[in-house]
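Below is one structure, written out as structure tokens, with a few remarks after it.
For reference, chains read A, B, C, D and E in written order, and residue numbers begin at 1 within each chain.
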Amino acid sequence: MIWQFDIIILIFMVVTAVIALRVKDLLAASMVFGIYSFLICLLWAEMGAVDVAFTEATVGAGVSTVIMVATVFSTRRRSKD
Amino acid sequence: MIEFFGFLAHQAPLVTVLAPAFGALLVTLFGRGKAEAGLPLALISLSLSSVGAVVTLFHVLASGGELRYRLGGWAPPFGIEYRIDALAALTAAAVVLVGLVNAVFSKTRVAAEAGEKAPFFYTLYLFLLAGLCGIVFTNDAFNLYVLIEITSLTSYALIAMGNRRAALSSFNYVIMGTVGASLYLLGVGYLYIKTGTLNIDGMRAAMAEAGIWGDASITVAFILILVGLWTKMAFFPLHGWMPNAYSYAPTAVGTLMAPLMTKVMVYVMLRVMLFAFGADFSYGGAGCGDIVVALSTVAIVAGSLLALARSDIKKMLTYLIVAEVGYMVGGAWVGNEAGLTGAAYHILSDAAMTFCLFMAVSIIVLRTGDHRLTAFTGLFRKMPLTMIGFTVGALSMIGLPPTCGFFSKWYLVGGGIEAGRWDYVVALLFSSLVNAVIFFRIFERAYFGEMDEPAPAGDDADSRPSQPLERVPWSMLVPLFLAAAAVLLVGLFNNTLAGWLRAALAI
Amino acid sequence: MKLFGLIAVIIVGALLLSATGDFPDFGDPQSPASASPLSTHYIEGSVYETKVPNLVTAVLADYRGFDTMFETVVIFVAGIGIIAVLRAFGTPAAELPEGGGEEGDDDLIIRTTCNLVFPVIQVFALYVVAHGHHSPGGGFQGGVMLGASYILLALSCGLPAAKRRLGERQTIVLAAIGVIVFAGWGVACVLFGGNFLDYAALDPIIPGDVQMARSHSMLGVEIGVAFTVTAIMFVIYANLSTRGRLRDGL
Amino acid sequence: MVQDSYLPLLAFLVSLCAVPAIVWLRRAPNRREAATFVAAFLKFGFVLAMLPAVLGGEVLRFCFFEILPGLPLEFRVDGLGLAFALVASGLWIVTSLYSVGYMRGAGEGNQTRFFVCFAISLSATMGVAFAGNLFTLYVFYEMLSLSTYPLVTHHGDREARTGGRTYLGYLLGTSIAFVLPAMIYCYVKTGSPMTFASSGFLAGEVGPAGGMVLLLMLTFGFAKSGLMPFHSWLPGAMVAPTPVSALLHAVAVVKVGVFCVIRVFTGVFGTGFLGELDVAYVVSWAAAFTVVTSSLIAMSQDNLKRRLAFSTIGQLSYIVLGVSLLSPYAVQGSMMHIAMHAFGKITLFFCAGAIYVAAGKKYVSQLDGLGRTMPWTMGAFAIGAMSVTGLPLTGGLLSKIYLIWGAADAGQLALLAVFVVSSVLNGVYFFPIVYRAFFCAPEGGAAPGGIKEAPLACVVPLTFTAVVTVLLFFFPGLLFELSSLMIAAE
Amino acid sequence: MEPALASFLQEQIVPKFNYWVYVVLMMIGLYAMIAKNNLIKKLIGMSIFQTAIILFYVSVGAKDGAGIPILDHHTYEHALEHPGDEHIDRDGYANPLPHVLMLTAIVVGVSTLGLALAIAQRIFTSFGSIEEDEILEKLQPGGHD
């Protein structure tokens, strides 16, 4: 566990979370959310939770993002907020 | 032979939970595309489950209080265990029996409303029941969370199978339900970080041993868990998701969830209050008893008044549930035996009477094709049998003897008086009076027939059934009568039931 | 709504932060959660009871196996729920309003690459499932990867191509079988006289000692988990990308 | 003293058992009515069968089962209850006969429903009369409220609907809002089964302030007793067919109300304990106010049945006033007045109904000269009026004497004056009717053609009750004994 | 810097920064769930909300100086050969229990997300919009509450 690393990832996580919620393009939001998941995955690995990191990588960064993109494609891409 | 029966009795809780689960899986495997393929399997598995629940109940009573079942054979806190007392066994029995009877009741409706998706409908339906039973039995805080999520996911999907309004209300439910469940999970996390265990009894023991009752994090955990559960049980003002969800959902779902979901969550609240935190903390250390009773008073009054203002029958009933949840929360929090018994007893009685009313109203809405109060016009003459069922449920809601609603009110009011919470007592009586107004308004309409007054404005096309029923089949009437009989029986045997509950909740 | 949201956030945030001061320090090995007999037993004792070096797998599949079974059910229910909500059996495509997506045309390079990668992913996924006892991984991770391989196929070569490998009916059956394997394993324990999911009861029919019975049983249920997860991940994708029509997706 | 017996249960059940028979025979009106009569006679028989034991000082007890912890659902038949049950079941026979005549004469619809509800409400009345504790009393009280609703709203028109709404609104509202919490409070605080006892089960359990609140809640909560300000359901309920008004609103329902109030005073608190608490005066003044006010209102009513209704309100408050005086004479007077007023008032209602059936007249101002065409009816009316006013040769005099005696005994001269003044007022609003009927010329000169005496099925009952009213003056022994049983027990 | 503030930082924030950040993330998610108008945005908020809780749990399980919760080969072989000799040190391994729980929570999260997206698509199919205000507008003529 390296706390400097920890802090950097956490800061990036907050930033990506805010960006994911602020961009008006839902496709971009989904992708940024994928980045957010990937950062979390890094964080877990760094904190020693390798199994959680593995799951998060496959489920969070992988499938979640894909199904979100799929939904964006079959609905609207623009969001009002 | 005796050994064999002992073995069966030992495994009965497992049968209660797993029979619906296996039923669901088999429905998925074998029910392909046919509308009624799932029904026989659902009925068989639920009957099996009911037998399991009843055997469990008698086993609990015979063994003097509680049963424990170690899943995976691991001793707690390493493994997950079931802890079943009379309250749990009764609640589980109520859950599976309602599920079974409702499966019969909704036989024709599932075919009509779910069509080709009927097997999937039954899969979700059965898993919902399995989840509810699991919630009732488990003694592990995290297992509880997983099961809560199973019931939530199944109910989101089941509700969303209704019309387009149902999908929208289901989405709201997803948002609020997730917040509720997540807050519960967070609260469990707070407890875990302070106690290092997930076993509900173990938490209380660990907190007592470490003497950390006064810590801020324990209080916050308590509040988080409670707020989470309140969201799931639609405690005013966190009830926003419920009225639309229950009234636009498919018929079979409304009649299943209205009697069960909120009640099981009340059960969980009782469990958490008494066993995870202990009565001393819940009523003393947490220091929020007075506020919660005041909140429940507000919930009762608000629920009743909102119900009074509705012209949509099902929505009116859901607001009545909001008020009933207020009853139970208040009863659980006045902090004495009578109140607690009342709250626990009301879980059963409210399940019976809500079930009865929802079935009657569903029949009426389907038969008349009208979802507003105008549907009732002249019904005593047109649909006397349905109205008998409706009347029994309504009298119970008002709280007239010998229905179960009267006796739960009796215990709750007694608890309120004993604790000196006059505001709560007045709210209970007020809600009885409002219920009387609501239901006698309906009776009047049903009894006198045509009335020359303008129809209430605001027709809502989405809650109107597409095609009125030609006639009411017996498969709908018999379940209604069973529920009405349950309302009366739970009332008449309240003394016995309350005795068991009192022993289970001994504080 | 925004104001209400702000107020709710401030109240809940303040509540949560008020408790933070009370927690043991981050990473403190002596915190109650880390020093409790529970976690100590899992770390120090589980290998003697299960012979599985990956502690997470041991706890996941054995000590808290009942949780994991219901976790599989959660996945299963989600998949069935999505079908129940979204799947439009036989609805003509013209009746549904069009979304913003446009059909991308097939690209030879992508198709070829994916066809090459597809078996590799699957083999690795199977390794993850099977090797979960000794390294990070297990039924969930492997299952998701297997599912992802089909998703990749659907993305690159179109949904029909993926459906040829894993048809809708087969998917649902596979998912159900996965849960049945897990729950059935538990029932088998009951039939051999143990409690539900008490793998030790299966000692008579599984080679090796009691610990190995547990270890092998874990592998068995992990495979069940993998079945379900594979199938449901694909179901989720297939339905969501086509709005339940299961024709050509993205 | 206490003796287990199935007789109370039989007396209670017999009219309930008649319900399926009545429904089954709905296509054959004659046989349907026969079922009613059989049940009525059986019920009266069962009640009579209890008489010897009760007169011998026994209390007949029947316990269903323990419905709440330590709280049985049980019947206990004592003198007061039996007296009431005798009156109610006896008058059911008469009323049944009358209602056959009336319902057929006036061509009312839904007669099966009418007789069914009638039978159920009689069972409920028996339940109230026999109730052994406050809880049982409450259960049957509510049963009575509900089962009489279809009777009150029998006509199903707008007026009936409004009347029915007021009826249920007042009765259910007060019982849920006042009686229920008061009862639960008693249960929680005393933990006793709330069995009626002559010394009162609340004795010594509550202080003056609490006692005052409980007494007021219980007295006003049983709104069937018509105490102001919860009286307006009664005039509203007069939209019902006359047999209903007669039996229910002269005997069963309203008498159940005052019966409950008597139980509250004698069984719940006990007159001795109330004397210690010194709180009953509030009820006395409320009742006195009701007596005077309702008499004044009655004078201004032109609708005959409404005039009778307001008269009933006043007479009921006599009973409440009497019992609230706490003097043994007044309490005995109250109990006797239940019966005396019942016979007098039911005669009056029968007459009003007979007039409606025969002449189609509802208003006092239309009655000129009717005595000449309907001598039996108007003669009975005169006797009923005498009894209610309290004139000699009718039973009403006896109970009134006891009441006045009690007031004097309690030293409440002002309340004694209320009795006297209101008796005068009773005369003032009744005798003009008799005068008009016999001594005024009919409107438009000669007697209008077509008006004849009412059907026989109507005339016989009203004659019978008028005769009983007179007989009660000469032979009050049984009533006197039953009511003094209660006094002796104190 | 004020000494009080410094000591607060020293004692409350620095050693527990993970617990602070998870609250921040959670509140971001919660705000999005309540205040955002777009259904997909609400769901992104919901996912952030759930991951924040996972962050909390995993932080609970973390230990300074501990490795991943998998026994290294040497220790494992030793344990197999000498079952009686309990030489595993709990401080050397992260607490596995929160990891197990969070595996479940992640799975629950993705299931909820998938189902919610399906419902959102269904809403889009029926209403032609995924903006909450537009949908409610479409319901206006007939619907109430």
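The rule is short, and it goes like this: contacts are C-beta pairs under 8 Å (C-beta built on N, C-alpha and C of every residue); 3 or more make two chains touch, one makes a residue touch a chain.
Since this is a predicted model, take the numbers as computed values, not measurements.
In terms of the stated touch criterion, the partners common to chain A and chain B are C, E, listed by label. The chain occupying the central position, as judged from C-alpha centroids, is B. Chain centres here are means of the Cα atoms, and by that rule the chain farthest away from chain B is D.
Chain centres here are means of the Cα atoms, and by that rule the chain farthest away from chain C is D. Measuring from the averaged C-alpha position of chain D to that of chain E gives a distance of 71 Å. Rounded to a whole number, the gap between the C-alpha centres of chain A and chain D is 79 angstrom. Centre-to-centre spacing of chain A and chain C amounts to 19 Å, using the average Cα coordinate of each chain. Here the spacing of chain C and chain E, counted between their Cα centres, is 17 Å. Under the contact definition stated at the top, the residues of chain C that touch 2 or more other chains are 16, 21, 23, 27, 31, 33-35, 38-39, 42, 54, 56, 60, 64, 67, 71, 74, 77-78, 81-82, 85, 99, 136, 140, 236, 240, 243. Residues of chain D in contact with two or more other chains: none.
Of all residues in chain A, those touching 2 or more other chains are 1, 50-51, 55, 59, 63, 67, 71-72, 74-76, listed in ascending order.
Of all possible chain pairs, those that touch are A-C, A-E, B-C, B-D, B-E, C-E. Residues 66-69, 138-139, 142-143, 146, 150, 153, 156, 161, 164-165, 168-169, 172-173, 176-177, 180-181, 184-185, 187-189 of chain D are the ones touching chain B in the complex.
Of all residues in chain A, those touching chain C in their complex are 1, 50-51, 53-55, 58-59, 62-63, 66-67, 69-78. Partner chain B is touched in their complex by these residues of chain C: 15-16, 18-19, 21-24, 31-39, 41-42, 62-67, 70-71, 73-74, 76-78, 80-85, 87, 89, 169, 172-173, 175-177, 179-180, 183, 187, 190, 194-201. Put simply, chain E touches chain C in their complex at residues 12, 15-20, 23, 26-27, 30-31, 34-35, 37, 59-66, 68-73, 75-76, 79-80, 83, 86, 88-91, 93, 95-101, 103-104, 107-108, 110-112, 114-115, 117-119, 121-122, 124-125, 128. Across the complex, chain A is touched by residues 27, 54, 56-57, 60, 99-101, 128, 136-138, 140-141, 144-145, 147-148, 151, 155, 233, 236-237, 240-243, 249-250 of chain C.
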